[in-house]
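Each chain gets a letter, A, B and C, in the order it is written, and its residues are counted from 1.
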């Protein structure tokens, strides 16, 4: 009995820990007024989300989360903050009116999502969970093989699908490449627009005027 | 991103970031002594450099008004403390010029011998510390390993390793001890092949060339305008060495010696094939050329030392008995510049007829060399500042006196 | 190990084993990082001394001063904890731990021998790269929160450098990954079993070139000379960790040496056969087949072999540091974008071409213990088989076979219906680690 209890507690414990960290630090992002601290809390929150992915066995997605969100997006954010900050520690003051607006919008979204989530029958009944699990294909989500195959056209994620439905299915490779090129174009465009501009300085006073404009 | 000052009017401006006022020094592992550099920088690019000196000022010149010339010799040691012998020589010659004191041949050859050994020792430090500035730690220790041997020789001569007070007005405090010449010969024979190590680690090293070639380019006119002397001047292609073009009392010491002025004449240096050629990226007057000039001067100094040793052994006369401690100086003034390792070091002596001078003045070579930092560093990157200051090879003791 | 602990303690299928196994692994890895840092710092000082024509530490702990780092560590612990006035206190205190955590987390997926890995992540290569990129966070936070311009300079330079070098590093790492067909580090290591001709570095000329680019990029991404501007002592006093003293400072260095060991170990596994030596000594001696103890000893020898290779990599990094001058930041980025990335791309294309055209390579000779292992992918069942013991199961060879096998997978095995997908025994599965898995297979 104790071992089963321990097993239950331990698996739930990690879930609670990770989910708790993610939520608490997400709230901390809202509540703090220092931008760099905000970014740091977001790092921890996204890292906890990656932990949730690892807990569910989706290792590839978890590593992807770490690399893209934490390693990429947040580093970019911090660079932007540090390079354009005018004062030492940047503070953001949010107007109370903005708070109310945000609570209304965010809160209603949260309500919507919770309602939709709890409407899925197999997610809130114990019996249903076990039954649903036995119907689902037991696939090992730890490998990225299925993702890779689906990317290149072998849609192993739709094995159970209707024959007719399977007719038009193809891999994700083409959309993937399209999105990548799109991103590349955007990056090059951004780099071009943000390039340093050369200008001739006639007198030093005129230079002050132009640089301050 | 080029650091050439092709047109002073064209500047690049970016996303508007704050200009930072950054302080480099006075305690800083990079600058050669207690030098404070106030940098105005926009992120990485320097817009203005202001060197601030005076942290090592010890009122040497004022003290000189209370001491006889022979008593003042130790103060010259402590000016350019890395080339103490050359400082002593400059002061000694100035006093002798005022007194019109003649030296025997042997004393002159002894002085050449000692001064050129001191030049080698000084350039070793300059070269090693330059590597240290750029991040390579090992050549510094190899240079000091060789320098230790020179300091051992000097210790045999006068008992001190850094502040010698050996060459005094009238000659030197003592003759060379027996066996010294043989030991010096051994050192030179062992030292010449070792110079190749420095070429591999520094002169021909791709990263070193990347850090120094094309950086801090100074034209010959600019060098002359700012009063730069020594390897800094010769690195820009100006053929001026006081051992050839100086005053009589100094150049007669080097009469009959065969050596070259290390400076690019008609596009080439006076080198032999053991020395690496000039890389394509290096522009005349950049940091690499200043460094190269010092490396070549070491070779020339070795030649001079060998000749001096021979001529000393076969010369007649005494080694130069120093003048009396409280020797009365004739009234008048004398100014003499000598070719110290870092440039032209000048000493000025005004006497009112007593043993104690009326005014003593030291013209520091590094003082003018340092003044060129500000225009050279404009528009360069932050990492180039130690490269430029290191190539000027300044010693704060000499600048602040 | 989890099952082993459970069996020995008589708790079948309990979570206790997994937790205990996890704790043991974590502690072992912590020791690897900490003791590794101790040894590497000593080694660095000795190597630096010898290169500079002097001895290194010679007093503490005997003639070779090998306890010097311990003495330094004790000194650092007893130092006063200073926080600069302008600093953002919370971030200042947390930054070294973030760096250390990132470096340590990457060790979780690094195998030391066949199956000796804390977490046999199937996309281990990707995981290690992702986590290594997190180390820059600690640096940025440290530089920013120190409240000093110098530290900020160092932090920005370092962040730009690390982020830029992730690109060619990723490109270089992909080459052995597609040579092996899997991202699982244990499998990649096992595929290079046998003589050194099976090593990927000798597979073709392009992979050989890839290794050198990998090493350069790895040196850059752990901030070692000639790419060590962040610590450029002679320029920025001490860069981003100027304001750190005492134990906090030592955490940065543990993170740095940990990362050096990690990327060297990664290079050893990807290119140099990991724990498989140049000569398959253990197989020649017949140890792996001679029961549990023999198996363990063979793995132990493999582990020592692996660590030796990683230490050689670290030594080369130190050697290079004490010889070459330092590059400027713009030269560093130029090297990355103008040299490393194109070279890595060319090597990548070349290696792909070599594989596609099926050109000959030394691994075709199959010198050593039989043909190289095929990739085994876990498809349907949660059995005790981890990829480590994949020698027994040959996985599908082609995509058609995958498709056929996946068709055969419906419905799932009857005995798996008792195990729900998530729930009570969900978490132990994510902690599979079977170092002694071979003797547990039926």
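One rule holds in what follows: contacts are C-beta pairs under 8 Å (C-beta built on N, C-alpha and C of every residue); 3 or more make two chains touch, one makes a residue touch a chain.
The structure presented is a predicted model; accordingly, all values stated were derived computationally and were not measured.
Chain centres were defined as the mean of their Cα atoms; on that basis the chain farthest from chain A turns out to be B. Summarising the inter-chain contacts, the pair of chains with the most C-beta pairs in contact is A-C.
Taking the mean of each chain's C-alpha atoms as its centre, the chain lying closest to the overall protein C-alpha centroid is C.
Look at where the CA atoms of chain B average out and do the same for chain C: the two points lie 50 Å apart. For the pair chain A and chain C, the distance between C-alpha centroids works out to 26 Å.
Chain centres here are Cα averages; for chain A and chain B they lie 61 Å apart. Counting only residues that touch two or more partner chains, chain A has 83.
Here chain B touches chain C in the complex through residues 1, 20, 22, 28-30, 44, 131-138, 141-142, 145, 201-202, 205, 207-208, 210-211, 381-384, 386, going by the rule given at the top. Interface residues of chain C, counted against chain A in their complex, comprise 11-16, 18-19, 86, 88, 90-91, 94, 121-123, 126-127, 129-131, 133-134, 136-137, 140-141, 144-145, 147, 152, 156, 159-160, 163, 166, 183, 377-382, 399, 402-403, 406-407, 409-410, 412-413, 416-417, 420-430. Of all the residues in chain A, the ones that touch chain C in their complex are 3-4, 6-8, 10-11, 14-15, 34, 36-37, 40, 43, 54-57, 59-60, 62-64, 66-67, 70-71, 74-75, 78-79, 82-83, 88-89, 129-130, 133-134, 136-140, 142-145, 149, 152, 154, 156, 159-160. The part of chain C that touches chain B in the complex is made up of residues 48, 51-54, 149-150, 153, 225-226, 228-229, 232-235, 237, 322-331.
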